[in-house]
Amino acid sequence: MGALLGVLPFFAYTTIFLAIPTIIVVVGAFLDGRGHPTLGNLRALAQPQVVSAFVRSTVLSAVTATLGAVFGALLAYAVSTAREGGLLRRLVTSLCGVLAQFGGVTLAFAFVATVGFQGFVTLWLEHLGIDLAGSIWLFEPYKGLILVYTYFQIPLMLIVFLPAVEGLKPQWGEAAESLGGSTWDYWRHVAGPILAPSFIGAMLLLFTNAFSAYATAAALISQGSPIITLLIGGTFSSEVILGQENVGKAMALGMVAIVALVMTIYALLERRATKWLGR
Amino acid sequence: MKLRAARRRRQSTFRRVVVTLIGLFFALPIVGMIEFTTRAPGGGRTLDTWATLFNLGVIDRDYPELKTGIQASAGLVVLTVAIMLFMLVPTMTWVRLRLPGMRRLVEFVCLLPLTIPAIVLVVGLAPVYAWVAYFLGESSLWLTFAYVVLVLPYAYRALDAGLSTIDVRTLAEAARSLGAGWPTVMWRVILPNLRTAVLSAAFLSVALVLGEFTIANLFSRDNLQVAINQLSKRDASLAIAAALAALILAFTVLFAMSFVGTGRGSSRREEA
Amino acid sequence: MKTPMARRSGLAALAAVTLIGLAACSPPTSTSNSGSTGGVKASSATSAKDLGGMAALVDAAKKEGTLNVIALPPDWANYGAVIAGFEAKYGLKVNSAQPDASSADEITAAKNLKGQSTAPDVFDLGGVVASANTAIFAAYKVATFDDVPATLKDANGLWVNDYGGYMSIGYDAGKVPAPKTVADLLKPAYRGKVALNGDPTKAGAGFSGVVMAALAQGGTADDISKGVAFFKTLKGAGNFLPIDPTPATVESGQTPVVFDWDYLNVAQGAKLKGKMSWKTVIPAGAVVGGYYVQAINKDAPDPAAARLWQEYLYSDEGQNLWLKGGARPVREEAMVKAGTIDQAAYAALPKATGTPVFLTSAQRDKANTYLSANWAKAIG
């Protein structure tokens, strides 16, 4: 019982500022416009528009999580080989700290200013004779949003994964070398299994980060609500179709369910990864 | 000996290539923003917008909301980082040491804030904040309670990555057997070994607080991004310049933070 | 693998949560210190007479000292000047929050911030949202209430139309050729250049844009399918930009053609004079009108200031400020008759050839149903 006291502050805090708001939202998902219990909001989730929005959000998040994880991990490894306390490491980590949270209207604007129709990169490439596909790909959920989301996924990966990469002791690399192993052997049998749980955990964070992103997508694609967060935003802010807030809460519940599912997959993957270590 | 030198050279080339390529990707949109804020009416470049931004007298007179926003955000940064660290580091260490069964629960709780979009979270937070306003007043600084919750997913992941790589159990037992009390164990044994992780968690908190817009806006409170948004309604170029300046400010803060704790014997790598 | 201890504490936590959840209804409301004059509280005054006349209202408002407004961008129908004029005339401080909020967001903010001093005092809403939320408004008749046509106000003064305009096409004359009709926008000269202010299933301006396109393409107020078809073709031709047009995107040239209310496009043009030649045109024969509505929050933290604000907005001074911003004031007819209208600004309004069309609520509902079913498919 005494051990539980140690986690009391955390759970008390999250109860007030997280659990209660969540419960309020969940309860709202089961009420109709007049406050009576109903399953209608959940049934509304089966509409094709909602289902395709969930699918698009999931695919978008999975792809950007993978891209961000791979490139971010590469960057993290590259940075970890630099001198500890050196300038490069400080610069890169500070820059990534800032860019990881850079989003919303400003990021959308910056990307349109870069690769939009009048973007300076587009114009420069036109000079060189390269026509950037000619279509408005930047505003398509799979092409444009993937690019823009990756912009903050990579820095986020670096920040959360770097502590793990730095935990790799150089002695292990040397030991592997002295035993006649190649670099590939080192990664497959030593470093890989050690980093796997943190890597997958970071990827889970990146997935959820992309899944619930709203402001950036809203600024870039203000027509048609292709992803679920935009659809939810519409239920709350629409001045044309009213009274759909509780459907929005049901959609949020759906989002929680999907993330819980992804978390379960992650937990299973992690268990397998630790098995490799034989711990 | 030759092997190690070759390896070092390979690593160094790899490092340079990767950092340059990814750095280029990061730089492009920033250049786009700079390009827009330096446009002169007849074509060509001008630094007028930037001059206005740094003319503090004009800012104070014409855009007072920028000043209040910056002040509010500064206070929020300090409060959020402090609350987050004081709450999360001991809790996560404790869970690893004494309550391993709770690990999944803590992990889920720490991921939950990110699964619910901010616009929906505000609906749930509104009644809670009605009580906060009743007890503590209506200052923007009390947004910190919501911000700590928002930062949990990121901070948890960073701290978890750090905690996985040090042997918390051995360290704690060794310290305890030498007669240290729990506060000493936390502050002088565990924390110095978690330097990178704690710094990462703090980095993410600072960046999140300085970049947060939705919740502050929906509660009609002041903060840096809300002020920049107000600004953008009146002068688009100045708003983009202010946003870029905020990024540079955040970068400077983080860069300064990275010097914290250096030279305090963080010689983890030397320990076998 | 939860230990029995963990399960017990889990149940305890759940119990605590439920208890606290019940308590999370709402805190005791602090007694509001709204100005009362002659025994009548400002929050229940239905006209200036109730408080003892305009002077008494002004005094009560001055005592409150502040006014909270929401969703009023400074370049929307000249709100910047309206707010500044109000502050200068009465010495009150206006706190303008959430300039990007939609009408629905304003109502949500009022609910979320109920009882706090930052709750919105007044609302500027689209007609649909106003009619649906009369329960949270306070009835108030301004001094010039009778000048407003009966169809444009609630009989008790719960909500009153204030200013409006017609749907228009704004364009950068230096970058694109002047569009004479809506169909012109399908030409290759407009590749990747046309934006609509808002999603028609979410925003009033976007909705009216689709209706205008429908009328221009031969549809009617009862059948907007031609409008949706137009945007579908526009998208297919690669001319339609799904981005949200803002002053920043217009100024930077990212959105050279914008479907928006005429007063917004006119204001954009005025702001960018010297940098860009931004012109506004209302397509002939496709004139879609829309008014915006003012209402007072029943639980306004500054009730006297809220009522004074309404008096200001419907006064000659306030109505002429709308004109300066390119919007049409609701007391237009009465002011023309009385000769108090700002002639110069009135003459400068964008020309509209054709009978203006204002959708009835039945037509609106029909259009909404059609849009919910077809817009995302056409655009996605």
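Going by the order they are written in, the chains are A, B and C; count residues from 1 in each one.
As a convention for this text, a residue touches a chain if its C-beta (ideal position, glycine included) is under 8 Å from a C-beta of that chain, and two chains touch if they have at least 3 such contacts.
Since this is a predicted model, take the numbers as computed values, not measurements.
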**Prompt:** Looking at B-C and A-C, which pair shares more C-beta contacts?
**Reply:** A-C
**Request:** Please indicate which chain is farthest from chain B, where distance is taken between mean Cα coordinates of the chains.
**Result:** C
**Prompt:** Whole-Å distance, chain A centre to chain B centre, using C-alpha means?
**Reply:** 16
**Request:** List the centre-to-centre spacing of chain A and chain C in whole Å, with centres computed as mean CA coordinates.
**Result:** 34
**Complete:** Going by residue number, chain C touches two or more other chains at 24, 105, 108, 246, 248, 252
**Request:** Specify, in ascending order, the residues of chain B that touch 2 or more different other chains.
**Result:** 36, 99, 102, 123, 127-128, 229, 232, 240
**Item:** For chain A, residues contacting two or more additional chains
**Value:** 4, 11, 16, 20, 23-24, 105, 109, 112-113, 236-237, 245
**Asked** Which of the residues in chain A come into contact with chain C in the complex?
**Response** 1, 4, 11, 15-16, 19-20, 23-24, 49, 105, 108-109, 112-113, 116-118, 134-136, 139, 218-226, 234, 236-243, 245
**Prompt:** Which chain B residues qualify as touching chain C in the complex?
**Reply:** 36, 39, 41, 99, 101-102, 105, 122-123, 126-131, 133-134, 138, 217-221, 229-230, 232-234, 236-237, 239-240
**Message:** Residue numbers of chain B touching chain A in their complex, please.
**Reply:** 3, 11-12, 14-15, 18-19, 22, 25-26, 28-33, 35-36, 87-88, 90-91, 94-95, 98-99, 102, 104, 106-109, 111-121, 123-125, 127-128, 145-146, 148-149, 152-154, 157-158, 160-162, 164-166, 196-197, 199-200, 203-204, 206-208, 210-214, 225, 228-229, 232, 240, 243, 247, 250-251, 254-255, 258-259, 262, 269, 272
**Message:** If we count contacts the way the header does, which residues on chain C are in touch with chain A in the complex?
**Reply:** 5, 9, 13, 16-17, 20-21, 24, 101-105, 108, 125-126, 128-129, 132, 191-193, 196, 198-204, 207, 238, 240-244, 246, 248-249, 252-254, 368, 371-372, 375-376, 379-380
**Fill in**
Touching chain B in the complex, chain A uses residues 3-4, 6-7, 9-11, 13-14, 16-18, 20-25, 28, 71, 74-75, 78-79, 81-82, 84-85, 88, 90-95, 97-107, 109-115, 119-121, 151, 154-156, 159-164, 166-171, 177, 197-198, 201-202, 204-205, 208-209, 211-212, 214-215, 229, 232-233, 236-237, 245, 248-249, 252, 255-256, 259-260, 263, 267
